[in-house]
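Both complexes shown next keep chain A, but they swap its partner, so chain B is in the first and chain C is in the second.
Showing the complex of A and B:
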């Protein structure tokens, strides 16, 4: 019974991988609900006191607000720049096109520590005071790639004859963009934006190099962790971050799947 | 007009005049430049040299939306995120035709293509034939001066295609708009056109009415592409006609006769042996090896012949006869060599 053995083997392998991926997260979630100040096993009493504490923690709150601000700005920047590049590269033919395309995707493969260091040197060289805006710039380097990839994939699947048909029927460039092009890439834009936000929201390394005195939530967690007796509160915040990151990723996935193929006919 | 892409010459020395209200077909194999010609007229491509005149006015440099011309695309290009009604009304919407008038004209256009009341449907819910009709309605609702159709029936099955051919022709007569129809299907061209142009290698080989093109093909290419034809050249031509040159004769113009018949002075004849018989129901196709060399294809209607009789002809000695006026001299059997350009 070969197929049966294969099936059982595959199932076991997927289970192991799933455990490997999600067991640590489960540990954090469970510990966040532990009443004890020092995380440990077995969990004695369950409580939500750490959530309450974190919720009322002024520093944690500010860090959260900073993270949201940076995430929104970085995704907005990425949406505009990323889709412009996607259009340029997929709708026009020019010299050095493949090189430009590669250069745009490269930043996502670069180690964050290199990107961070490079940005820090540049910020220093230009005499800019690090602020949330320098963090936005840092995050935009990889957020652009996410948006770019999504939009390019969609444009590749959308027939250019739709745009030609629109022009043929009397619509000028702007009308064609508004009525035909934008609706056909809308879900790709939303998905790209959500992914960009999720990436920005939990970024540590680049943020570490580019942030000034203001902290983002991941930085707050990172710093907090080194202080004594804060593990429990950090766990509670971490659960919050997991939830907040998972939601946009889930939505982005759904969007790309449900309306993924807009065929050109 | 001339259009090149880098070193590739897509359309060359194109000179074509189409009359108002005509059903004009551009016929040719793929890559012969007929679609490029259509795109040049629509404004999706700019000519490398030459110009497009619409009603006497030069529109060569105008964008597609500046030309009073609409296109029915090969893949229909219906907007998937819009309803059928919005698709058909798109041209009117972007030209800011008031909503009420728009709705009336959309419903009128849908009636014309025999899909009344389809406004609310989505393109994804329609069959290939219905999409084709919607694409037609979307173009016609704007009442353009010229309608360009790029192989619009190519994706339909045979039965539907034949039905649409008749319907399209009927619609064209009703609206009186000039139709410029691109196809690689010679039957389609012969069925529908008032006039047609046969394309090959980026040039027009012949333009004329279907009857002219079929009955007197100007070149060997036209004779071979529009219907099937026998090409008689060199030695064989001399043996049969007593003159030098290249001739074509349509298979259905040749008759089978018993060998040894007295030849009529108004007819050509040639003896040979039937090497192959293909029974096609309505017709039978005979391939005859000529005594003078080469072979001729003969098509005979099976009016009084049974399949058994037809198939029994294989291997028989026959005499082929045809009227002299069906023997058409064609120019330029070696035309290709003469005009082939080596791009710089």
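Showing the complex of A and C:
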């Protein structure tokens, strides 16, 4: 056991770090309920008018819907592609395995501005009109690794003996996949998909380069920051979005618990 | 197997196909790898190649059209401009400062979670660290602009304890705080994972053998935590290096990062070849950094 002084010190330091993580979020929430148009501190009067304004904002709504569309398409693509890589890398041994896994990490390891500019140059070069689909392509590319990480962690923990038993008992490949493999990785797929969705829903750096005339929610927010006196409404949208993304992330956490890596099971 | 394989109907075909694939593992592997590899090569690697090609092309100053002639002019121009070197140095300095800060903040928290917290508390802190990661990046960046404003919450709180007020709005200090805040969870998680793998028996052995707390830390905990810190630093370093939204929102107009210059050359100046050339700078830095961290065992700790 650590000496008493060390324990007290660690507890104090942890408290400070957690406060550092949560006080700014508290500021966002408080600002959203501030009655004033101009952000100031301390907050004088509280009101819910910004929530009402944001709720009735047609542009914010459309941007929100676009973000949901992009997030669903990108995470669906990432789910299929990411699971394929996870199966290939965990169930097979082949030459260049490390290179393959590095290839899929690259889109999040390299700075977003590089990915964004690379995609933009290609869109220009090929003469494609930017649309929500170009945004989807960009998002799916860096979402693959999220799904891959979740599924590969699960596959490494499940032994192949159940699948072998199923085959020995006369089930074909599809039946084995449907009744044995799929149920054992189902929660990992859901968790990976939810995280991919959350990642796509919040992305702005790559999106700025690949989007056409249709805005996603982060693009709408970024544009609002350039206009005067819109911070209050944006804060209201932010609180709404935080509450909304908290749900899938919380669910993903619960689902990944039985995969290990997350304590407190 | 043979009897059912000859059965008629779609089930028979499926069974034959399944048996066929079972015997040909290579083919199965190819079918699995082809879609994702095809995607990443066509959408991403090809895009990077186009980016590299673009950086060797040049923009015609009169027409604004991109001329497909190979030249190193963009890189020469880039090198000759001393502001670019200052900006690169500032960006790099910030990435290093943020990485060190986050390592210093993450270590005690991760250590507390692994060794001292009750299982319930540990689970709570774990989700607690993850949650801010998923609340809007833009809003968090913007909030730091509000927090660091002259009449904002930070100076207000400092005033309560008799300090300040300080002019930190739109400064490197403001950006340093905001960046450290933004990427902290990325550092906590791998450090936590690395510390969790340190068996308690190692620490007991060290103290049984007469190792003081400091010696145990230096000789046992630190070397085993290092791969985790290296893994986390990949995120803190590379995310800071490539960012341009946070410098724009928190740093204001006078604190350019590599990303801001690239973004401006692409957007306002419409000189994509020059932007592409400058984009090679963070790529080279990140690749060098990844190789360095690989030697510290970062990839095993991811």
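As a convention for this text, the second predicted complex is superposed on the first by the 255 of 265 C-alpha atoms of A that agree within 3 Å, B and C clash if a C-alpha of one lies under 4 Å from a C-alpha of the other, contacts with A are read in each partner's own complex, and residues count from 1 in each chain.
Simple rule for what comes next: contacts are C-beta pairs under 8 Å (C-beta built on N, C-alpha and C of every residue); 3 or more make two chains touch, one makes a residue touch a chain.
What you are looking at is a predicted structure, and each value in this text was computed from that prediction instead of being measured.
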- Figure out whether A:96 sits in contact with chain B (first) or chain C (second), or with both, or with neither. neither
- Query: When the two structures are overlaid on chain A, which partner does A:166 contact: first (chain B), second (chain C), both, or neither?
  - Reply: first
- Task: Tell me which partner A:119 touches in the superposition: chain B (first), chain C (second), both or neither.
- Result: second
- Item | Which partner reaches more residues of chain A (counting touched residues only), chain B or chain C | C
- Task: Could you look at A:184 and tell me whether it touches chain B, chain C, both or neither (first, second, both, neither)?
- Result: first
- Query: Does the superposition put A:127 against chain B (first), chain C (second), both, or neither?
  - Reply: neither
- Common interface residues of chain A with chain B and chain C? 167, 170, 172, 262-264
- Note on the structure: Within the complex, chain A is touched by chain C residues 1, 4, 14-15, 17-19, 21-22, 25, 29, 32-33, 35-37, 39-41, 43-48, 50-51, 54, 105-106, 108-109, 111-113, 115-116, 119-120, 122-132, 134-140, 142-144, 146-147, 149, 151-153, 156, 181, 184-185, 193, 196, 213, 234, 238-239, 241-245, 249, 258-259, 262-263, 266, 272, 275-276, 279, 282-283, 286, 290
- Item | In the complex with chain C, residue positions of chain A that touch it | 2-3, 6-7, 9-11, 13-14, 17-18, 20-22, 24-25, 27-28, 31, 39-42, 77, 80-82, 84-85, 87-88, 92, 94, 100, 103-104, 106-107, 109-115, 117-122, 124-125, 137-138, 140-141, 144, 167, 170, 172-174, 198, 202, 204-205, 208-209, 218, 221-222, 225, 231, 234-235, 238, 241-242, 245-246, 249-250, 253, 261-264
- Message: Using the touch definition from the top, list the residues of chain A that touch chain B in their complex.
- Response: 159, 161-162, 164-172, 175, 179-180, 183-184, 262-265
- Enumerate the contact residues on chain B facing chain A in the complex. 42-44, 63-65, 69-71, 73, 75-81, 90-91, 93-95, 123, 131, 138-139, 142
